[in-house]
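Both of the next two complexes hold subunit A, though its partner changes from subunit B to subunit C.
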Partner chain A sequence: MPPRLFLLRTRPAARLALGWLLLLVIVGALAPWLPLPYAPTTPDLLQVAASPATSSGHYLGTDSLGRDVLAGLVAGARRLVLLTLPAVALAILLGTLAGAAAGFWGNRRLRLPLAAIGWALAATWWGLRLPGVAFLCGLLGISAALTLLTWRAARHPTGHRRYTCALPLDGMVLGIITLLGSVPRLILLVALAAGPPLATPQLLALLALLAWPEAARLVRGQMHWVRAQPFMEAAQASGLPLSRIWWRHALPHACRPLLAFGPLSLAGLVGLESALAFLGIGQGPDVVSWGSQLASVRHDTTAWWVAVFPGLALFLTLLALQKLAKLASSAVHK
Partner chain B sequence: MWRWLFGRLARAAGFAWLITSLVFIVSRQLPGGPDQLAVADLSESGRLGAAAQAAGSQQVVRLAVRRRLGLELPVFYVTRAGGQWQWHGTANQYHHWAVAVLHGDLGRSYRDGQPVGTLLREALRFTLPLAASAAGLAAGLALGLGLYLARRPGSVGARLLGGLLNGLQVTPLFLLALGLLLLLANPEFLNLLPAAGQAPAASSGGHLVVYWLGRAALPLLSLVLTVLPELTLPLVANLRHEATTGYATTARAKGLPVGQMLRRHALPNALLPLLTTLTDLLPALVAGTVVVEVLFALPGSGRLLAEAAAAHDYPLVVAGVLLTALARLLGLLLADMLNFLIDPRLRPSA
Partner chain C sequence: MKYFWLGSLLSLLVSACSAPPVKQASSPVTIRWSRDPGTLDPLALSNPSALDAANLLHVALLSIDYQANAYAPALAQALPQIRSLGDSLTALDYELRSAASWDDGQPVLATDVDFTLKLLNCPGLPNEANRAQYGFIQEVRLDPANPRRFTLICRGRGEDITIASGDFPVLPESVLDPAHTLRYLSLAKLQAWPATQAPAPAVAALVQRYQQANLAREPSHLPGCGPYRLAAWETNHQLRFQRKTKWWADKLRPAPQVLQARPQELVFTVLPDDAAAALALRRHEVDVYPQVPARIFQQLQASTKAQAEFAFYSQPSYDILTAGFNTRRPALRDKRTRQALSYLFDPAGLSAATQLGQGRRTVGLLPPGSPFYNDSLPLPTLAPDRAVALLRQAGWQRRADGHWWQPGATSPLALNVRYRTEEATFATTALQFQTAAARVGIAVTLLPAESSALTNLLQTGDFDVYIRLIKGSPFSFNFATFLHSSTIGSGNITGFSTPLTDRLLLAIPTEGDARRKRLLLRRLQAVLRDEMPLLPLFYLPTRLVVNRRLQHVIPSGLKPGYALTALSWPAAANSN
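Moving on to the complex of A and B:
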């Protein structure tokens, strides 16, 4: 893509930002194979709170428990690559699908045949082993009758809308978004992580759960704009099925703002995850991240190097992500 | 108008109740409940002898604690046990909790058995003034900064301030607050303000007020700085947009200075979109107090919530979520009222 490469060549700040992020990803991905003299969690009890100038072998010093700061930085980068990045990817995927579906189908346009709802209900009833066999039999009977009726009605030229009911997709998605938004993300995260320490997949799922509404809202808004475009009418007039129009024609256009939104969303989640680690909630004592490193400076405020390096890494990452978002949005609007 | 407002509030209150209920149910399913804490406590303090630490007596302790806290009941109206769905009627934890909360009883803390309501009230006496003064200060500063930045877009000062605000926008609150703590309240560096420790024991009311003002200065500064960009940057954009419109040109043509034109004519129009941020401002401040109070060791509700979460003290956590949701409700109400006051066009007719 020539225009974007051109932007890269002209703006040194953007190149710096991209370089830093690339470095982080490479370090995070290769962390287990890097030749580091110390592990992030094993304390070096001979050199506790040693400054970078006086200690031997600890290039960035050690914290008040004797853990190597450089190894901690690398472990934090690895956590970024293994936890936050997949969480953002999952959140954007979920949010895009939900928001695009809600924006395209709205409350009225998606009509499900009543028979399908009946069959699905019966299958759920049976799958969950809910009590009441008579009810299940009744449900199956009604579903069968509806299927027959729908099949007969479909032979009429105008009968295919009979025995269907609209699924309020937009209302459902908006309801879930409002529900998750009625408490700030940090508070909800603290409350849901209040149990015993979470494993990485659980924390990943939790972060994705908290992050998807933003992407969904953005894509939904863009989808409203896309639906008003003339090519949508043209696609419908040419007789394409709605699902195909949605997937092939509307979705790619609705995803355009995500290019600038992705880095910002990632920055938000990095901040959120670091804040949780900083508060020490839902984390095992042996997990090292930038947030937990920053928290450990409170035990010994004279050891400035424990706070400065992770703080700088975090700040630079967030700044680079913001720069990347600006770059992407200017590339999109060009 | 009142009916519309009431409907909106009722919806928001419903959602607040729903999310609190969800957190309640999730928290009751989590392991690490009070019974396990009690067992761990007992075996640590050595009150149980080596022989008595057998699995049997642990089971007894666990059961006793569960019965005392009402945890032996099923969690919800319907539960599934052993592949069978069971209906429990009103004899379940959620029903008891909901009835108690609606009567104003938030339950008791798992850790020390104190009523959650009392604990929260004590803590709020500290947090409410902190959050309210942060909101007021931030709003005032945002107005002033916005007007200044909109008046001289290209000047060196405006550019510096804009860059600073952009930098602040990406900095998470805990990083900002930690930086302030290490710079301004550090015996190794500048030790300007007290940041931790006990209040002076034998001192009069006046001294105590001065002491707490000193303690609250840095947290207040962090909170203000962290919400300032979100308030200021949109305001500046709005003001600059309004300054290009026709009525602004007319005002300038009749001889008004730029500052007065911005204040008198552009500001009322530019202010309106800012009011919607108010809905998010109050909950954001409540979330901010969690970080700030932990870091600066202030005895407020945020620290209460964070410590409760770290110690698996679920009744306090659930109450904290409810409180935050109510803060958002209040913000919503405030934003709507101000919108109605400022712009009559927004009132839905009939």
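Moving on to the complex of A and C:
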């Protein structure tokens, strides 16, 4: 039996955690087709802040605006599926690529033709519509000249390194990671999301932007270890191109810690998204999530059911993700 | 570290278990405000907090006696003597109290009243709402024999103009116009000054001085003759007002109710969130909590501890929950579209949900008990079928995608709704409208905003539909400030006006004959109901919770819901 499945069989808590997460994903994915008596944003004006015991048709009661708590829980699960999961996937993808590239090529191994830098600068200048047409024309001229020189040098057997410069990829990635890490994540998110409510893709991009540095840092560290392995030297000695070594041989090994990191990152983003929703920042009042449900208890502090059920869902989800991370970590180190 | 947490926990427990602080007679009275006043410029008071603050700094000729629920003389010695001048004019003879003086000891004179009225009509100042409200005062005649006597010549007749003629804060001429340059310009001339014409040099200089004084943030630059001065202002947190040690009205015997200022210090704590305000009340960080939401009021009343600590008051108010339509938007120009949308609100359900059924439904801007109420109009109700029929009449066509389109339009009928955040009544109303609109194929986006931002957004016309409170009054029916064409861009947020409504709005406050006034008001209600620039949903009750130890609590259905300056703590000998 594979070690991961063996772990699953021997740990009931892990099975429960996986079961809960699976249930969430299924409920979230099928939310529009579930036979719920009420929509999450529809207020029932005759049953405002009704408890589960006294309300008719509202199995988990209603909040202070008359919205069904059960429908809100389902909407929260859907938000997890449509927003948080894709955000984590995007963050891990970005972080993996950036961290792996930085760790593999470092500051010197990746060389770019000077002409490419010139063209990129010119394109940026033009794209941002910056003033100075003469400067832009000069930049284009220099880029064209460099392109010609690079092409001629490439025809010479020893000239392929001429007119190129090393791209400090590692320094750049580390710089961005340090910049993003210098401000607490929640504060940065609140600052960026303040203003008009964001659409789901915008919020998704924002969450991914804040979450990718952790994955990048992890993969970069692992890549340093991978680079020192004998099989990497063997691959280079065999004459394989660096890009192929990076993609086919180094990257799969550098990504192994992500198995345990993924659930933890998801837990972090679930907490972050809930905090944002609790504060009512970045999303409209007609978007229901567990965080916004928790916030609505402020209007009626006696409505315990408004806090307990979303709080329980949030707690169980975070606990399940922690368990899953632990399970994955055990499997990786087995 | 663990000792730190243990210490924090212990201190929290101790603070939670400690008895409420004992208040001395000189202790400040702390009051909850739901919003910051934003500006204390006496000409541009934009919200109830600013009005409350202005009433502490300045005194008007007449003020509301909350005990008698009527206007009473404040700066004036008595209510004005009323004389008819011909068919359409009324002369109101006032005399100022001889004791009334400014902080520097100079007496408050008729020239100050004359100056204030000119300031309220001065071109170039932010006084559009004041112009609409006090435009009926045509002339100020000073009595050469008595510098405290003057006569206001007003257009129209009736009790309304008597009350309205004295309901503005009197400002000192010596501070803003020490050279008395405005005395050479008549009030009528200032009122009739064309908007396109450059202001007179004296006016331009005054406007410049006024703007340089920065009265919005520095009210001390224009000291009023009110009982308090602003001691501290932390924006969106707290305002502190201190009682003047020597105030002219202290000498009056007997002290009129409207000129009593008992608290030595008034502290207004800005707490936009109602739950936070309720918590502050329970923790005795706030002594007075006005405009309490129905559910929090009910919860507090149900608590034995709260019953022992607080006194509860509830009565009908003159605040109307309204939905307004931006009539400048092409989609909302047709009154049938606005009528259709009005059928998507559920006033009965909303009153039940947000006010526990205590909201009074109304057909218009007058309370149902008023003799001027137009009872021939039906109450607004939720009727999606009628909404659909009216949309069709207005030329909207429902396409296969379920949305409504005008022929040749590039986008379907879709609306945004703006309202003040942190208010469950507004949020519930917005959600109910959104749900009802979605059922008939209209997409509605909810855009709540913080109160000061909301005011700006509404005044600049950045909305389709708004939900807000309109402050009513039982004393006068001057709706020109938010419905007349001259106030579009300031008070008139919907942008609606017609020549007929303008005529009615100007005629109503100055009409002295009760029968004709009733006809005019009923006509106005009918016209507004037909044109539907705004939909009054229901009148809210006002609920007040105060610290039980506070004395002289006079609750009222009028804003701010109680007599603010009458409150006091018991003397030290009686305190326990």
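General remarks:
Going forward, the second predicted complex is superposed on the first by the 289 of 334 C-alpha atoms of A that agree within 3 Å, B and C clash if a C-alpha of one lies under 4 Å from a C-alpha of the other, contacts with A are read in each partner's own complex, and residues count from 1 in each chain.
Simple rule for what comes next: contacts are C-beta pairs under 8 Å (C-beta built on N, C-alpha and C of every residue); 3 or more make two chains touch, one makes a residue touch a chain.
As the structure is a prediction and not an experimental result, all values here were calculated from the model.
Of the two partner chains, subunit B is the only one that A:Ser274 touches; subunit C does not reach it. Touch criterion met: A:Phe315 reaches subunit B, while subunit C stays clear of it. Contact with both subunit B and subunit C is seen for A:Thr301 once the two complexes are overlaid on the shared chain.
Within the superposed three-chain model, A:Ala153 lies out of touch with both subunit B and subunit C [touch as defined at top].
Judged by the touch definition given at the top, the superposed model places A:Leu209 against neither subunit B nor subunit C. By the touch criterion stated above, A:Pro196 is placed in contact with subunit B and with subunit C alike. Partner contacting the larger number of subunit A residues, of subunit B and subunit C: B.
Legend: residue contacts after superposition of the two complexes on their common chain; A:Leu94 is shown touching neither subunit B nor subunit C. When the shared chain is aligned, subunit B comes close enough to touch A:Ser182, but subunit C does not.
The intersection of subunit A residues touching subunit B with those touching subunit C, taken from the two complexes, comprises 196, 280, 298, 301-302.
Put simply, subunit B touches subunit A in their complex at residues 12, 15-16, 18-19, 22-23, 26-27, 30-32, 83-85, 166-167, 169-175, 178-179, 181-182, 186-188, 283-284, 286-287, 290-291, 294-295, 305-306, 308-310, 312, 314, 317-318, 320-321, 324-325, 328. Within the complex formed with subunit B, the subunit A residues making contact are 128-131, 178-180, 182-188, 190-196, 267, 271, 274-275, 278-282, 291, 294, 297-298, 301-302, 304, 307, 311, 314-315, 318-319, 321-322.
Against subunit A, in their complex, subunit C makes its touches with residues 273-276, 278, 293, 295-296, 299, 346, 349-350, 352-354, 421, 424, 427-428, 430-432, 434-435, 445-448.
Put simply, subunit A touches subunit C in their complex at residues 39, 41-43, 45-46, 48-49, 64-67, 196-197, 280, 284-286, 298-302.
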